[in-house]
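Two complexes come next, and they have one chain in common, subunit A, joined by subunit B in the first and subunit C in the second.
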Partner chain A sequence: MFSKRLILGFLAPATFIYFVFFLLPVACTLYISLFDWTGFGDHMTFIGLKNYVRMWSDPVFWISLQNTFAILVVGGVCVFALALLFTALIDSGVWGKKLFRFIFFLPNILAIVAVTAMWSYIYNPKGGLLNGLLKGIGLTGASKFLWTAPEHIFWSMLAAIVWVNTGFFLILLLAGTDKVPKDMYEAAELDGASIFQKFFFITIPMIWDVLVISLVIWIIAAMKMFEFPYAFGLIQIPQQLYTLGIYLFIMGFGHREPIYQLGYAAAIGVVLLALTFILIFATRRLLRRATLEF
Partner chain B sequence: MSVAGVLPRVPGISSGTALRHALARAPVYLILGLWSVLTIGAIVWVVLGGLKTKREVLLSGWSLPASPQWGNFPRVLSEGNLGHYFVNSALTVTLSTLAIIAVSVPAAYVLTRAEFRGREALTNVFVIGIGIPIPLLFIPVFMILAWLRLADTLTGLSIVFVAVSLPFTVYLLTGFFSSLPRALEDAAAIDGCNSVQIFWHAMLPLARPGILTAFIINFIWLWNEYQLSLTIINTGDKRPIGLGLYALQNALQYTSDWPGLFAGVTIAIIPTLLLYAVLAEKMIAGLTAGAVK
Partner chain C sequence: MQGKKHLAGGTLALALLALAGPASAGEITYWSLWNDQEPSAKEVTALAKKYMDAHPDTKINITFNGRQNQVKVRTALAGGTSIDLVDGELDNLAGGLVAAGQVVPFDDLLASPGPDGQAKFSDLFLPAALDVAKHDGVVYQIPYDYNPYAFYYNKQMWADAGVTAPPATWDDLLADLEKIKAAGHNGLAVESDAGVYNIKYLTYMLERTLGPDFLMKAVEDKTGETWKDPAVLAAMQKMRVLWDKGYVPPESKGYQWPAAQQTIGLGDTSAELVGSWLPIELADTAGPDFQWGTFPFPTVDGKGDPKHVEVLQIAFVVLKSSKNQAEAEDFIKFMLSNASQQEYSANALRPAVNKSVDWPKQLADAHAIATGATLVLSEDDGVKAKYPDYVANILEPTNQKAFLGDLTPEQFVDQMVSLTKNYWASK
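And now, the complex of A and B:
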C-alpha cells in the first residue's frame, strides 16, 4: 500500500534537514579537527593528530574534563539519590501525587537564564537570599560565606543543576513505578515491610530498565553541559566553571576577545563525542541483565 | 514470602491506628513540602523581585516590595529591548516547531508503517542523534549557515532548530505511531482509500495527542534554549528571548538592575508556564514514554 514515491516523499524533508544540518556538521567536526585553521576563507593547514596531542598537555582542557566528570559523577549521585528518595516518598501513598510531580518538574520548563538569574540572587553576597536566611536564623558567621568565590562557585552551580534535574529524573522514575503491579506491594505490606524495604526489594528491581535508560539520559545531559554553567559564570566565566562544551565554544569563538582556533575546538568536540558514546555503551553493557518476567 | 506468624493488620480499624498512620506520614510530607516550597518560593520570589526597586533588592532579598514598581515591566520591554526579543522568539519558535511537526510526522509514519529496505537502519540513524552533544555542532553549523548566507539570521536559526529537534521528535512519534492500532488503516484501505488519504483521514486524527505532545515539548525547549542562538545570532536586534535574557543578565554587573532582570525573567517564563499549567500531564507523558516501554 506504500508506493516508492510516497515513502520517498514522506521521508525526504526530515532526512535532508537532518543529514545536512546535523550529521554533516558532525562529519565536518571530525575533518576540521585534523587542521590548524583560524576560520573562514583562511588557509587550512593539515596537522594530523597534533590538535589531540596538544590537548594532552593543555591544563585548561584537563580542568574542563575534570569539571565535566564532576558534574556527571557527583551531580549524578545527588540527582539520582534525591530522585529515588522522592520517588519512594511520593509512591508511599501520599495525598497529592500529581501535584508534587507537577511542582518538582517545574524548574525544567523555565528558561535556563531565568534559573541562573534566580540562583545568582540566592547566592548574591549583597542582599542574597541564602545569606539573608542564615543571618535570620542566627548563623552570622556562615552568613558571610561567599558562595560564588572562585573556590566555591563550581559546587554552588552544581547544587543548582541538581535542583533542576532532580525533577526531570523523578518523573521518569515515577513513570516506571506506575507500571509495577500493586499486588506485589500489598503482599509485602502483609509481611510488614517498611516503605524503604518495599522500595529496595520491589521497586528498584522492577524499574531497573527505566533506571538504566535514565542513567543514559543523564550521561548525555551531563556530558554536553554548556548553557547552565556558561550563564551562571556571567560574562567573565571563570575556569572553575569550564566544561568541555564551554571550552570548545571559547576556543572556537573566543570570549571577550576572539580566539578562533577552530581545529583545536573541533578536536575537543570529537573527544566529547567519543567520551559520551563510550560512557553510554559501557553503562548499557555493565547494567544489562535478563529482563524480569512477571 | 510468608504470612505465617504475622497477623495481617487492617489499616484504619480504629482511630488510634489512623492517627499513627498520619503521624508516620508526617516526615514524608515534611520532606516533599520543603522541596516544593523551595521550588515555588524561588519562582515567586523572582517574580516579586520584578516589582522592587534596585535598593530594596540589594538591601535585603527577603524584603517585600514597599510599593510595587509596575514600571519595571514596560521599562525592560522597551529599554531592555525584551519586547522585541519576545516577538523574535514567538515567531521563530512557533514556526520552527510547526516545521518540526510537518517534517517529522510523515517521516515517523513511514518509518513505523511502510516496509522497505533500510527502514530500521534509518530509524536508528535518527535516534542516535539524541546522544550527540550539541556543542559539537557550534562551529560547523555556523560555517554551513555562513556558506548558505544564512548566518546571523532567524531563518538560519530556525533550520538548525528543526535539525536538532528531529532525533527526539522522530523517536517520540515512531513510538507513538507503533502504539496505534492498524484496524482503522486496514478498514480505510478496504474502502479504497489510497495511502495518502489513509494518512490524512485515518492516521492524523488518531495521532493528534502524540503530535500535540511533540509540539509542546519542542516549543518549550526551543523557547528556553540560548546556546544555538548564541552561536548563530550576532546582531542584537535578532536575539531570541533566551539570548536576550542572557545579555540582560550580563549587563547586571554594570547596571545592578536586578529588578529589571527579574521583570524580564517573569515575562520570558510566562508562555512556557502557561503551556505547562494547561498541558503538564501530556508533556510528562511524552517525555517518559520513551523511557518506559
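And now, the complex of A and C:
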C-alpha cells in the first residue's frame, strides 16, 4: 500500500533520534568503560577490561546487585500479587471501580520526594504513624520496632516501593481486563465458576500479553531503580539501600564524596544494561504463548 | 531606630562600594553550590550586585546548581561551556577540579595586599584555614565559609543538669552525659543514616589518641595491618559506651535525618557532634531564645589537643580555562573583605572565614574554637579528598555498622583490615 521509500521516510526521524539518543550513548558508555577517567578534561587512560574485573571483587557492587535483584524478585512478586488480587476484586463488580482505581493510582502522581518524606514520617521511631498505630491498638512491644534501623531499612523501603508501584500495574491489568468480552464471564457464571476461577481461567489467559508487557516494564523499572532509594536515603544513602543505579551514580558523580570514577561507573552501566536485556529476553521467551484473538 | 538602621545600611553600602576598588571590565561566569532559595545564595547574589554597582564594566552571572555543582561544572566544561569561578565544599573541590589540575594557584593573590589594608591577603583568614586549601604545597582554593565539627549543645539544659563547664576530657563528657540522663533527657542525638556525621566520632577519637596522620597512614597501608593498632579497638569500644550507657537513646538506630537533630530543638536531647550549620537548621524548631553552646571534641585518655579541629569549608576556585581570571580574583577579594563577610555572616547566618568578622550569636562558642584552632583538619583527616571511594565504600559504612552496634569493635577492626587489603588489591 505504501512505497518502501515512503515508509523509510516516516521511519527515518525516529531511527535518527533512536540512534543519536540511545545507540550512540550506549556505544560511548561501552567505550568509556574501557578507560580510567575522572570526566575532568581529556586525559583518559586505557585499561581494557580492568573495570569489569574490578567489579568482580568489589563487595559494594555485589551488595548493590543483590539489592537490585531483591527489589526485582521480592518486590515484583508482591507488586503483581497485589495488583492481580485487586484486579480480581475490582473486576468482581464491586461498587466504586473508578474510585478504587484512582485511590490505588494516586501514589504515582505524587512526587517521589514527597512520597519518601511521607514514608519516613510513617516509619519514624518516635511519633511515627506506624508505631503510633501499633501503640494505639495495644501492641506496645511491636510499637518499639525500628523500621528504619540498618537491618530493616531495605525491607521498609521495599514495602513503600510496592505500595507506590502496585497502583500503576493495577491500572495496566485493569486496562487489559476491560477488553475481555463480558459474555465469557456470563457463560462461566452459568457454569457456576467462582470469582477466582473466572479470574484464573478467563482473565489471566485473556490478558496474558498485557501481563507479559507489565512484567517487562517492571523488570526495567526495578533494574534501574534509583529515585526512590535516593530520596529515601535523604542526607546520605546507606549502603543497605544501594541499587546498581545508585552505585553507578555514586561512583561516577559522587554524592557526599568527590568520587569521579566515570570509567568504572560506565562499566556498571554496561553490566546493568546487559542484565536488563537478558532478563527481558528470558522473560519474553519463557512466557511466550500463542496470541488469543477476540 | 528606623533612621539608625537606614544610616547603618547606607554606611555599609558605601563601605562595600569603597572596598570594591577600581573598575575592571569583564563578565564573570560563577557556578555555585548553593540552592537559589537558601539564605547564602541570596546573600551571595546581593554581594555580587554590590560588586557590579561598583564595577559597572563587570557583569557577574551566577548559576546556583545546588550541592551537585561540581558534577554540573564537569559536564559543562566537557561541553565547552566557559566558567570562570566555582564554589564548593573544600574537600570535594580538592578531590575534583583541584586534583584534575583545572584550577589556578592563588599564591600570588594571597601574597598581594588584603582588601582591608592587610599587608597580605592571606593575613585575613582564621588560623590555619588556608593550610587545608593546599595541594602539593600550593593554595588552589580560597575558603569563605568555615564550619567546625564539634559538639553543639543546649546550654540551658546542661546548666539545669548541673554541668557548669564544657567537658575537657572524654571521661568528663561521659560524666556530664550521665547528669543529663539523670535529669531525664537524652544525651546525644545520632541519626542512623548520617554516616557523614557519625564518622566524626571515629576520626576525632583516632586524631586525639593516635595523632592527625594516623587515619591516612591506616588507609594507605596496603596490608591493612595498621588498623590493628590497639587504640583503634579502644576508640570503637569508647564510642559504643555512649549507646551501652544509654547516652544515645536506642531509638536513634532508626532515626533518619533530621529526626534526631529535631529532638534537640524540641528540648528532648542535649547535644550532637556535627558541623556549625546545626543551630541554623534548627532555628525554627528551637526558637530565638534557645541558648546554643559549642565545645570541641575533648582529649581522650589524656591524649590529643582540643585545638585541633576538623572543618568543612566552602571555597572558591578559579578555572584555568577562564579568560577573566583577574576579574574573578578581584571579586574573591571583595567577597572576603570585612564588610562583605560581616554582611554574609549576619544575613545568611553563616560562619565567615575572615578572622575580623563576628559570627551569629548562636555560633559564638564555635567562633572561639575557630579563632583558637592550632591545627585545622580537612574532612576525615584528608582521606575524603584523597581517597573518596574508600570513605564512601569502606570507612563510613563499616564505622556505621560498628557505631550502631551491628559489628563488635573487634569485628570492626577485622573488617577494616580485610576491606583495606581488598581495596588496594583491586586497584
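Following the convention adopted for this analysis, the second predicted complex is superposed on the first by the 267 of 294 C-alpha atoms of A that agree within 3 Å, B and C clash if a C-alpha of one lies under 4 Å from a C-alpha of the other, contacts with A are read in each partner's own complex, and residues count from 1 in each chain.
Just so it is clear, a residue touches a chain if its C-beta (ideal position, glycine included) is under 8 Å from a C-beta of that chain, and two chains touch if they have at least 3 such contacts.
In this text, all values refer to a predicted model and were calculated from it rather than measured experimentally.
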Just from the overlay, do subunit B and subunit C fit on subunit A, or is there a clash?
clash
So, does A:186 touch the first partner subunit B, the second partner subunit C, both, or neither?
neither
Partner chain in contact with A:126 - subunit B first, subunit C second, else both or neither
both
Residues of subunit A touched by subunit B versus by subunit C: which partner has the larger set?
B
Between subunit B (first) and subunit C (second), which does A:59 come into contact with in this model arrangement: first, second, both, or neither?
second
Counting only touches as set out at the top, which of subunit B and subunit C does A:2 meet: first, second, both, neither?
first
Quick check for you: in the superposed arrangement, does A:114 touch first (subunit B), second (subunit C), both or neither?
first
Go through the superposed model and pick first if A:21 touches only subunit B, second if only subunit C, both, or neither.
first
Regarding the shared-chain residue A:217, is it in contact with subunit B (first), subunit C (second), both, or neither?
first
Which listed stretch of subunit B (37-45, 181-189, 235-243 or 271-279) steric-clashes with subunit C in the superposition?
235-243
Residue overlap on subunit A between the subunit B contact set and the subunit C contact set?
40, 120, 124, 126, 234-235, 253
Listed in rising order, subunit A residues that touch subunit B in their complex are 1-4, 6-7, 9-11, 13-15, 17-18, 20-26, 28-29, 32, 40, 85-86, 89-90, 92, 94, 98, 100-107, 109-114, 116-118, 120-122, 124, 126-129, 132-133, 136, 163, 167-168, 171-172, 174-176, 178-179, 187-188, 190-192, 195, 209-210, 213-214, 217, 220, 223-224, 226-227, 230-231, 234-235, 244-246, 248-249, 252-253, 262, 265-266, 269-270, 272-273, 276-277, 280
Help me check something: in the complex, which residues belonging to subunit B touch subunit A?
1-3, 6, 8-9, 25, 28-29, 31-32, 35-36, 38-40, 42-43, 45-46, 49, 57-62, 102-104, 106-107, 109-111, 113-116, 122, 125-126, 129-141, 143-144, 146, 159-160, 162-164, 166-167, 170, 189, 195-196, 198-199, 220, 223-227, 230-231, 241-242, 245-246, 249-250, 252-253, 258, 261-262, 265, 268-269, 272-273, 275-276, 280-281, 283-285, 287-288, 290-293
Under the definition above, what is the set of subunit A residues touching subunit C in their complex?
38-41, 54, 57-60, 120, 123-126, 144, 146-153, 233-239, 250-251, 253-261
Contact set on subunit C toward subunit A in their complex:
68, 70-71, 74-75, 77-78, 91-97, 99-102, 191-196, 251, 253-259, 263, 384-385, 388-389, 391-393, 396-397, 400-401, 404, 406, 419, 422, 425-426
